[in-house]
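One structure coming up, written as structure tokens, with questions to follow.
Chains: A, B and C, in written order; residue numbering restarts at 1 for each.
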Amino acid sequence: MKRKLIHHLFRALTGLCALASCAILAGIVASIVMRGWSALNWDFFTQQIALVGASGGIFYNVIGTLILLATAFVVCTPLALGFSIVHSVYLRDSHWRGKLTLLLYLLNGVPSILFGIVGMVIFVQVLGWGKSWLAGGILLGLMILPTVSVTLIERIGSLPIKYTEAAIGLGLRKSQIIRSVILPQSIGGLITGLMLGLARAAGETAPIMFTATIFAGASIPGGIKESPVLSLPYHIFILAQDSYDPAVKAKLWGSALVLIILVLGLSLVALPARLKIHEEANHA
Amino acid sequence: MTRSALNPSCRRWSITLILSWLFTGVALAAVVGGLGLLLIESAPAWKHSGFEFVIGKKWFFRQSEFGAAPMIYGSIIVAILAMILAAPVGIGAAIFGVEYLPRKWRLGLKVTVELLAGIPSVVYGLLGILLLRNWIYEVFQDFDPLSGDTLLTAGVLLGLMILPTIMTLADDALRGVPGTLRLAARGLGLTATETALHVSVPQAFPGLLAAVLLALGRAMGETIAVFLVIGRQDNQWPSSILSLKPLLESGQTLTSKLGGSETNIAYGQPLHWGAIMGLGLVLLSLVVIITLTGAWLQRISFRQHQQHS
Amino acid sequence: MLEPILQTSELSVSAGSKKILNPVSLDIPEGGVFGIIGPSGAGKSTFLKSINRLTELSNGLKVSGQVYHRGDPVYGVGVDTDNLRSRIGMLFQQPVVFPCSILANTLFGVRHLGKVPRKEWNNVAEKALREAALWEEVKDRLKKPGQQLSVGQQQRLCLARTLATGTDVILMDEPTSALDPRSTEAIEGLILDLKETHTIVLVTHNMRQTERVCRTVAFIGLRDKVGTMLATGKLTDLQTKCCEIPELEDYLCCELTEPIPKAKAC
């Protein structure tokens, strides 16, 4: 009976851990929704920031974040595609493959602030762009490269060999197989990975705060040099440090709510597919 | 590659081949370039301080004194604190998901936890600054903290943030344990708990350790949330490494320093900027070492299971 | 021998809406070897696992009906399934050896079940290993990893592990199909020894084996793609029933490399 008791105790204990994890998510979302809900209205989305955040809305912040995401998307897609194809097709039987995998792991582990300061040297100073949306987009695109590539690589890896073998049987060349078999079959993996990557990029502050984004006084950028954008995470980051004014606080929670809706929305759409790809690839 | 793959007709240059190698090259160049930049730009600081840069306890940039030890201490202590809080809960949740829940529910749990991972660090920071900070201040009032901005606050916040990482990776590790082992143990009459504790966990141990290490790396690199709640007090060196008192004081981590205004001031003065880049290099080295160890353990774990099944 | 040690009553298994096994009512007498034969995918393993409720551990399988073990119901609230499984042991097609020493493997169940005091453990291990005819081969290297043994030895180690827990029924799911003829011979010999003290339910594809060790045989065939218990009795009886049951005839003809004379006659 002691065994049964231990069994039930341990199950309850681990169950509590699982419950706690879910409760934390619920708690965070609930506390933001509760506090931020009242700030959301039409004006909040359509007006510019005013009175150092105490008034007005977050129109250009949302636009800025979307511009950064679109740039990151454009930058990351070819890199992730190229990298994944080289990794899983051209280097399939080579010892370099493991090294590339490790590189992805490492890149994934690189703290995002390092993207920020290295980017600052290259784009802001050496290239003389000042703060620019393009720099931010490029950095974010590089930062999410591991997220996107790993999903794509897992997807390519779990394609039934019969597809490629059938294609080889038809006498297709490698590049033709890639274009006509591998890419169409794994496009879902690319999209899933991109959505998760962009969800991550949307909330990142560290890589863009020295390179791309300012707190107030920017609208749609007209060029590359000296053309910063506003962004949601940086907006929250700055206001959070100065959050004693109740008017600011309300707007602050509202902005946080908009940000997590954006991020969780993207994740929620992509996650089930991502998990399925992951399980197929690793626990067949 | 096999012979046939090397045969000329398969080796013809094609747009696909060129483009994919080109983009891979660009990605690799970016990585190598970034690393090279950190090395080159931080050179003045290494020349100036030498190893003193890592072990020196004083950082006064106006006096050209650059010692990163308090920040390294801050980074490590905060990450370890986060680990202590998050590892048991994350691994516990993973065990519950894999060993007790039916598949459908386990996936639900995993989706929930990964959603948690998606919440941006600036939002955690906001919650930290507006809620957790005050809460820590009140709970530990007996110890007379100066404010709610403490290493402990940062550690707790980071713990919340890396919980999903640990849980997901631990889940992967446990799921890697062949089901036949579980079935055999249950067939002998062991309870699900005995099976979990005496079969699954020992089998998945390297993988679980990897989960903890990879999350530790994550925690060390986290900037924004830590920045907002740690107080950013330079030169906080504990009188004794083992004393817990400093946990209730403000501090500085490598990342909070890098994210601060000094980064903006420093550029243009080679030595000061070198010191900032030096901090970046130290941070990168710490994270890379931890991540490499984690990846190595994960490989071991994976191999072990392949052998078995 | 009066009361059957295992009795299934209307035991059926389904996976979601898909039926896997039609209701089976069967008495398995105490002692001796009860054989189960049938084509691949008929549900033999599933039937076997549903006897000690191991089906509950594979996703999506639903069992209805009842099994009685020594008259006690197996399915029902309040049944201690773990205790049940320690009394109705199972041997799998592929030997599953835990990554620990030979001794630790033998004692894997005993150690946790807590039925035997610690100081008895070594005796229990020796007795079980002797019963599994493994003692002489491993007595000098009990501390070595179990996974270093040959596959045949591993299977006997698994048997020893099950015996050590004090089971009275052993369910064997094609225990020799992964083994070479030599090891198969050894296991068959063991089964013949063990049947004096244990009840064995043996799933096998090997008709020679069935003939050699089984007293009674049940045939599970696929009827309308659902596993169905089509015949029971002595193997010779089944062979005479060939003509009435087309599935059985199919199976016996395909499985037999050297036809048993009586099958021909039928």
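Just so it is clear, a contact is a pair of C-beta atoms (placed from the backbone, for glycine too) under 8 Å apart; a residue touches a chain by one contact, two chains touch by 3 or more.
Small disclaimer: the values here were computed from a predicted structure and weren't measured.
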Graph of touching chains, which shape: line, ring, star, complete, other?
complete
Farthest chain from subunit B, going by the mean of C-alpha atoms per chain?
C
Is the C-beta contact count larger for B-C or for A-C?
B-C
For subunit A and subunit B, let me know how many angstrom lie between their CA-based centres, rounded off.
17
Just how far, in Å, is the C-alpha centre of subunit C from the one of subunit B?
49
Roughly how far is subunit A from subunit C, centre to centre by C-alpha average, rounded to an integer in Å?
52
Hey, what residues on subunit B touch two or more of the other chains?
191, 194
Check: subunit C positions touching at least 2 other chains come out as 82, 112-113
Provide the list of subunit A residues touching at least two other chains, using ranges where the numbers run on.
3-4
Which residues, counting only subunit B, touch subunit C once they are in their complex?
102-103, 180-191, 194, 198-199, 202-203, 304, 308
Would you pull the subunit C residues touching subunit B in the complex into a rising list?
52, 54, 57, 59, 82-87, 89-90, 92, 94, 96, 98-99, 108-109, 112-113, 158, 161-162, 165
Spell out the part of subunit A that touches subunit B in their complex, as residue ranges.
3-4, 6-7, 10-11, 13-18, 20-22, 24-25, 28, 31-32, 78-79, 81-83, 85-87, 90, 92-94, 102-103, 105-107, 109-118, 120-122, 125, 142, 145, 173-176, 178-179, 196, 199-200, 202-206, 209-210, 233, 236-237, 240-241, 243, 249, 252, 256, 259-260, 263-264, 266-268, 271-272, 274-275, 278-279, 282-283
Sites on subunit B touched by subunit A in the complex:
1-2, 5, 9-10, 12, 14-17, 19-24, 26-28, 30-31, 33-34, 37-38, 41, 88-93, 95-97, 99-101, 107, 109-116, 118-123, 125-127, 129-131, 160, 163-164, 167, 172, 175-176, 191-194, 196-197, 214, 217-218, 220-224, 228, 255, 258-259, 263-264, 267, 276-277, 280, 283-284, 287-288, 290-292, 295
Residues of subunit C that touch subunit A when the two form their complex:
80, 82, 112-114
